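Labels for the chains are A, B, C and D, by order of writing; each one numbers its residues from 1.
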Amino acid sequence: MNIGYYPGCALHGSSDDYEESLRACLRALDVQLQEIDEWICCGATAAHALNQKLSTALPARNLALAERGGFGEMLAPCPMCSMQLIKAQKALAGNEGLRREMSGIVELEVRGTTRVLNLIQVFEQVGLDRLKAALKSPLKSLSAACYYGCLLTRPPDVVEFDDCEQPRSMEAFLTALGAKTVDWSYRTECCGGGMTLASEETVLDLSHKILSNAAAHGANCLVVACPMCHVNLDMKQPDIERRYGVRHGLVIYYLSDVVGMALGLPESALGINRHFVGKA
Amino acid sequence: MNEAGQFEPKIVAYVCNWCTYLGADLAGTTRLEYPPNVRIIRLPCTGRIDFNLIVKAFEIGADAVLVSGCHPGDCHYTAGNYHARRRWILFRELLEALGFEMERIHFTWISAAEGRKWQQVVTEITEQTRKLGPYKNLYADTGNGSLPIPEAAPAVDQPAGSEGSLRQRCHQLLADGTVKVVIGYGTGGPVCVTKPADVGRLVWNNQCSSNLTTYLKRQEVRKLGRAAIVVKVCDERALVVLEKESQLDRKDLHVMGMACNGMGQPKCATCDVRVPRFADEVIGEVASVPLAGPPNAAPRGGAALEVLLAKSPAERMACWAREFERCVKCYACRQVCPLCYCERCIVEKNRPTVIDPSPTVKGNFAWHITRAFHLAGRCIGCDECTRACPAGIDLRLLNLSLAKAAEEHFGYRAGINRDVEPLIGAYSLQDKENFIR
Amino acid sequence: MSFTITQDGLSKLVNEWLARGKRVAGPSRVKRDCILYVPLQGPDQLLLEDFIRPANSLKEFLFPKHERLFGYRINGNGVELFELEPPKTEQLLIAARPCDAAALPILDQVFNWDCADEFYNRRRQLTTVVTLACSAHDDACFCTSVGLSPCAERGSDVMLVKLDRGKYEVRCHTEKGRSLMEGRLEPSDQVASEPLGPEKRFDPAEVREFVKHNFASAFWQSEGLTCLGCGACAYTCPTCHCFDIIDEGNANEGARVRNWDSCQFSMFTQHASGHNPRENQPARQRQRISHKFDIYPEKFGEILCTGCGNCTRNCPVGIGALSVLTEIGHGEHL
Amino acid sequence: MSRIGVFICWCGENIARTVDVDALAQEVSKFPGVRCAMNYKYVCSDPGQALVREKIAAEKLDAVVIASCSPHMHLKTFRRAAQLAGLNPYKVEMANIREHCSWVHHDRAKATAKAASLIRLSVEKARLDHELQPIRVPVTRRALVIGGGVAGIQAALDIADAGYEVVMVEREPSIGGKMAGLSETFPTLDCSQCILTPRMVEVGQHPRIKLYSYSEVERVEGYIGNFTITIRQKARYVDISKCTGCGDCWSVCPLKRNKSEFDYGMGVRASIYVPFPQAVPARPVIDAKTCAKIIRNGCGLCEKKCKAGAINFQDTDKLVEEKVGAVVVATGYKLYDIGEKQDKASLAGYGEYGYGQYKDVIDSLQFERLLSASGPTNGVLKRPSDGAEPKNVVFISCVGSRDNAKGLPYCSKICCMYTAKHAMLYKHKVHDGQAHVFYMDIRAGGKGYEEFVRRAIEQDGAKYYRGRVSKITQEDGKLVVRGADTLAGVPITVEADLVVLAAAMRPADGVAELAQKLNVGYDEFGFLLESHPKLRPVETNAAGVFVCGACQAPKDIPESVAQASAAASKVAVTFAADELMREPEIAGINEQTCVACYACLRACPYHAIEQAEVRTPRGVFVKHTARVNPGLCMGCGTCVAVCPSKSADLEGFTEQQIYAMVESLV
């Protein structure tokens, strides 16, 4: 399988461990990622807060680049990126006038034909059967709380992925790979996201609640598919301990980490050794 | 014309009893003045208004026709207007292809509460028609009329050995009593073979373009008993339609599907079905010769229909007037059609005379409009009507215009799917009505 | 020694007639694969060579497919009838096939035997027929079997016989023909050779004998089985002359009209009671053959067929009279 | 020639001012078929009608055209007048020269010309009018009531008390419906079972009511006055004619832990069971899915124990036929599935409420069972997870209702009221408890309703928050309900012990299939369609089929009962005469020329056309044909338009008439 790859700023910055992990994992599954040439920022929260046109134009440029590269499908591992890209893609596909306008602005013809995937969808394309066949070391010791965060399933009519409030797709993979999953309440709660810099208190409060609920339901780790969630839940655990006096000690895995582990890849190849919270 | 010599349009309005008629009553009760050119024919429901009435109105000299009923959802009879709407969608396409002046045919929904809308509609139609002037171009050959001639596909040989296998199988079927008669192709024309010894009369070559399914409606052939029929895939579609319309029981029929490489006819140029799908048995294998047309090509008229539709309405009307002028009403078109199976054709009904039986231009237009529209959503494009016409009238273009409309508006192709209900007699709330005011 | 005319001469003739407001009709290619006798707009529409014969016949110029006989007006509670003007335009039927022209004397009998049909006779008087002898024939042609030939004179005022391309020997058979051609002919040494007709295929006397004695034969059942019951054979036949009379009009006025009809239609003999004496297609097929070779000869002393082959060529299912007749001739019915 | 009389009305000045009635009468008298034409000041007045009658007799008129106002105004008047004079009423036509002419045109010459033309149209039509007789349909004076909830019970009792037999079909083992499971009812708080059970018993004992419980309608044939209903009696494995209802069987049954349907899973029952003690019939049924004898030929204790010998493990479904003349549909409702699984693609669930995931998130009908004195907890409020008494209960209204995102834009109408009732009853049971209600709007229209809600708030201290709940999470054994109070403008978090969701009302399962059998329409949500929302609220477009209760739209008990009585009275009206009279202006098929393509059958909105056979008097098959059922045809003429051979025609608007009219416009 050969698909386009849009890393977005996070995977080339603070979350390069995520990139390392998913590249290693997907390589093992024979999925070739081809990074989109000259990709630019997806616009994230900032663009649509400022300017509607800009929030379409930025992803439109990226979509145009993907189309130029001939990619029918493109992985955007960061949920914010994928949501912005999908939103723009749908708007473009359904509006001839907008296509013309945007093609002018981004100086490249854009048609909105590239399908944007999140990481879970890429694994779904690989398929449970193939994963099971490649399974080397079942994840017996894991009792995982799958954490989707706020954006992976939202807005539901844009991303059209899984049940918006009670998603189950990650659980399906983990169960197949031999892990236990816990039924808990905070799958789609907000971790504080981009408030890390603006209001650390908010982030600590929200992340603390998430970690507490996961632990209360018997989880010994969390599995995420978002770089921002990982930062807040992993890196902020010492701060949470300082503030709330609770030491959660929960390992935060990327979905690709656990899949990679099950495929028998060493933790170092997956960048797990660079996480802040290690195995208890 | 009025006394001052000014043209006064004649407008015939077919309206339903429960909405538009009452809407017009309300216009009266509220004293909303409008021009006196409209003549209302009150009918129970738009569902009752069939296309022949629209044709008849023009025949008696109407300069414009208005058809009006209840808004969707308001029908007194729950769904008459939906049925009507679907028919109008198709009928308008036929009138377009014939070159009618579409600005003289109006469809509206006017409720019992819309007296003002009635006033506005009638006023506007009257004024618009006054500007258009009398409908002089109806059925007129104004010159420059010549129908585009479709291109035939190149002739291809049929699979070798098919003829032999066909005869062998038919011999078996007749000998073991599975069937009493084989309806097949012979040299020079169709044959009905009833004795195993006669199977040598059956042929399979690239002269087998005719559609034998038309024999299923013939009493003389039916009386012979259970039949095996030789069909090409394109003919098979007629069986699907006939079955849907309760005209045959597939159990009573043994269908010999012939793998066909094309018969070099125009219809073969756009053929996208080559191997039988629900015949009882298939004879021969289709050669890997590519089709002349694109795979999955819709039954569009190809270039000829495009050329026709690109002409001006007056030119289209002239084309058809010139064609129909030659029609002698021998009804070969009707008799060869596998789907024209009425025992008493509407043209033979004389109380009332819906269609003038005379082969005049008026009577011929009425006939060909009716024939084509009765095949709306049913014609399977075998082109037998065109092939049979001794006057060389290209009826296929009318059929194609309707097939195209059925596909464009309803995604419907006749005789393709055994599970889909016939197009006419069904409706969808989503049927589009952008032409209805 | 003979007299000739060139194609240019014929064109001139056509132009002159048209210029005088008269009608000229002849074979013309109305579209690809369709050649018909039609009223001509000019000589360039006239087709003289390289085809067997038109798909229709000459009869429609004398016995039109649709004709108004008289008019009526509804007046209060009464009805008022009025006469229609008879035809008065002279017409020239040019390059007609001998098998078409030979049908005209037959039609003359039909429209005059009990009462004289005013409209028909008037048209006949106004008509001049110029035939063109056939230089080719096909498998459907059988004029020689019914006593005619490619250059049979019957019904022609003038006959043209091809000499070279664009040049014709002219044989005037009637006074009408002679006056038409006066001053248009050139003497020539060339004499056209008699064109060859198709081989004889059957003997009409045998056919007559057969139909007389085999009314209930199973032969008709099998022959008529594939007939679909359209009127293509009758309507393109030069001699078929059945018609239907109806009133056609609106609430105020109308006319009694005469339209072609065909014995092949299921409604042709349908009684008001619902009973139909010829209740199936084989019976109707038998009627057509019997009428042409037995019933009509019985009454008028000649067969009702000129061997043009139109019924065969125009039949959508390839039946036509010829195949039936040859089968009778070959004794295949026995 | 016809002998038609034309009567031109002046309508005082209304017509005569604009139309020259004298000139008009002159002109009209010359139309073909017109015997006499005259004008009169008010033709609809008594002397006017007398004139018409007199002329019919004197001139031996065979048809009459009244040129006056709209036929919607006076056609019936003039038909009556003609009938009095011995002329068939269907030989009367009207020309609308008032609404369609004199009132909308001012030019006298043009209006007069148009009036003449309109009269000509009507004369042409009248010439071809047939003498018609009203269609008489015999009536089986017996009614079918489908559904034995409160609406069905009310309808059945009213019809039976009016003196007609009733057949009642109930899908469940007992009648009683949803109401039998309620604890108390708003706004009076009287005990639901106390008011309903006597009515159930009455049904069970009524000499004119035949009850088929645990049965469903399999097939419906016929039409108004003459339905044949095939009823499927599902295998009950208990012969209720032998059974005494003693209860030995269910006490001996070892499998007592099956979830009780009647308790919506809040309680348990044995494999042989009576759904609730007051059931009618008070006879058990065996649950074939769990019974050990039926599944694996084990156990069989009940059979051994039964003294009456009523247990029959070989029982099978039985089909029985009943003839009835009218049908009342009272199939009621079910609650919307709150969870993620939906039975329709257009619907979506509320994953965020954790229904089905957290045991203590329940729906309102489950809560009713927890409150009910005869419920699984005997009226002691215990939460499902651990049986503890909930001290904080959150009620969320509009769960599904009025939520476009979930596919149910309509208001379920009763939730505001029962939620207030729930809050109140809860407080009455748990005095130190606190009820919290999240609502969108409070819709308390109805007698005593608003006061009832105020009482819940003011006397019983329920806390009402105007706002939606965004998420329910479970933490430390508590349900953390996060929502908003939009009036105060603050987010709220309530730590609850129990959450009750007021799920939307939806039509009961299988209503669409039933509606198709009955040829009754239904809307996109599955609620049955009444004929007219205001003027024919209990009739349907299928003549002789009536609706009542929540199958038609969400409604509460008083409304359901009122509608049921209305439906019953409509049935009584239908049964008032021995024969039904129907308008004869209906379609017919010329069976001689029909080729049985059944285009008409497919297009008929009333399913009034059936496949039939033509046979000789000796019974030899001749051909297939379409045939109109005069009991069902409403006369729209859609069949005529789709008939290719025009073998279909419509009396009153025949093909000949329509073409004659059009041709007169030449």
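The rule we apply is simple: a contact is a pair of C-beta atoms (placed from the backbone, for glycine too) under 8 Å apart; a residue touches a chain by one contact, two chains touch by 3 or more.
As the structure is a prediction and not an experimental result, all values here were calculated from the model.
A.B. asks: Point out which chain occupies the most central position, where each centre is the mean of Cα atoms.
C.D. replies: Of all chains shown, the one whose C-alpha centroid lies nearest the global centroid is B.
A.B. asks: Roughly how far is subunit B from subunit D, centre to centre by C-alpha average, rounded to an integer in Å?
C.D. replies: Centre separation, subunit B to subunit D: 40 Å.
A.B. asks: How far is the middle of subunit C from the middle of subunit D, if each middle is the mean of its Cα atoms, in Å?
C.D. replies: Subunit C and subunit D have C-alpha centres separated by 69 Å.
A.B. asks: In whole angstrom, how far does the Cα centroid of subunit A sit from the Cα centroid of subunit D?
C.D. replies: Taking the mean C-alpha position of each chain, the two centres sit 51 Å apart.
A.B. asks: Would you kindly tell me how far, in whole Å, the mean C-alpha position of subunit C lies from that of subunit A?
C.D. replies: 86
A.B. asks: Can you list the subunit A residues in contact with two or more other chains?
C.D. replies: Expected reply: no residues.
A.B. asks: Enumerate the residues of subunit C that touch no fewer than two other chains.
C.D. replies: Touching at least two other chains: 250.
A.B. asks: Going through subunit B residue by residue, note those that touch at least 2 other chains and give them in order.
C.D. replies: Each of 60, 344, 353 in subunit B touches at least two other chains.
A.B. asks: Please list each pair of chains that are touching.
C.D. replies: Those chain pairs which touch are A-D, B-C, B-D, C-D.
A.B. asks: Taking the touch rule as given, give the residues of subunit D at its contact with subunit B in the complex, in rising order.
C.D. replies: 70-72, 96, 98-101, 103-107, 110-111, 113-114, 117-118, 121, 521, 541, 585, 592-593, 595-603, 605-606, 611, 624, 634-638, 640-642, 644-647, 650, 652-653, 655-656, 658-663, 665-666
A.B. asks: Show which residues of subunit B lie in contact with subunit D when the two form their complex.
C.D. replies: 10, 12, 21-22, 24-25, 27-29, 31-36, 39-45, 47-50, 53, 56-57, 60-62, 75-80, 83-84, 87, 119, 245-247, 341-346, 349, 351-354, 374, 421-422, 424-426
A.B. asks: Quick one: which bits of subunit C touch subunit B in the complex? Just the residue numbers, please.
C.D. replies: It comes out as residues 30-34, 36, 38, 55-56, 60, 65-66, 221-222, 224-226, 228-232, 234-236, 244, 246, 248, 250, 257, 259-260, 262, 265, 267, 280-282, 314-319, 323.
A.B. asks: State the interface residues of subunit B toward subunit C in the complex, per the touch definition above.
C.D. replies: Touch list, subunit B to subunit C: 60, 146-147, 149, 188-192, 210, 214-215, 218-221, 326, 328-332, 334-336, 344, 348, 350, 353, 356-360, 363, 384, 387-388, 390-392.
A.B. asks: If you look only at subunit A, which of its residues touch subunit D in the complex?
C.D. replies: So the residues of subunit A touching subunit D come out as 163-166, 183, 185-186, 189, 212-213, 216.
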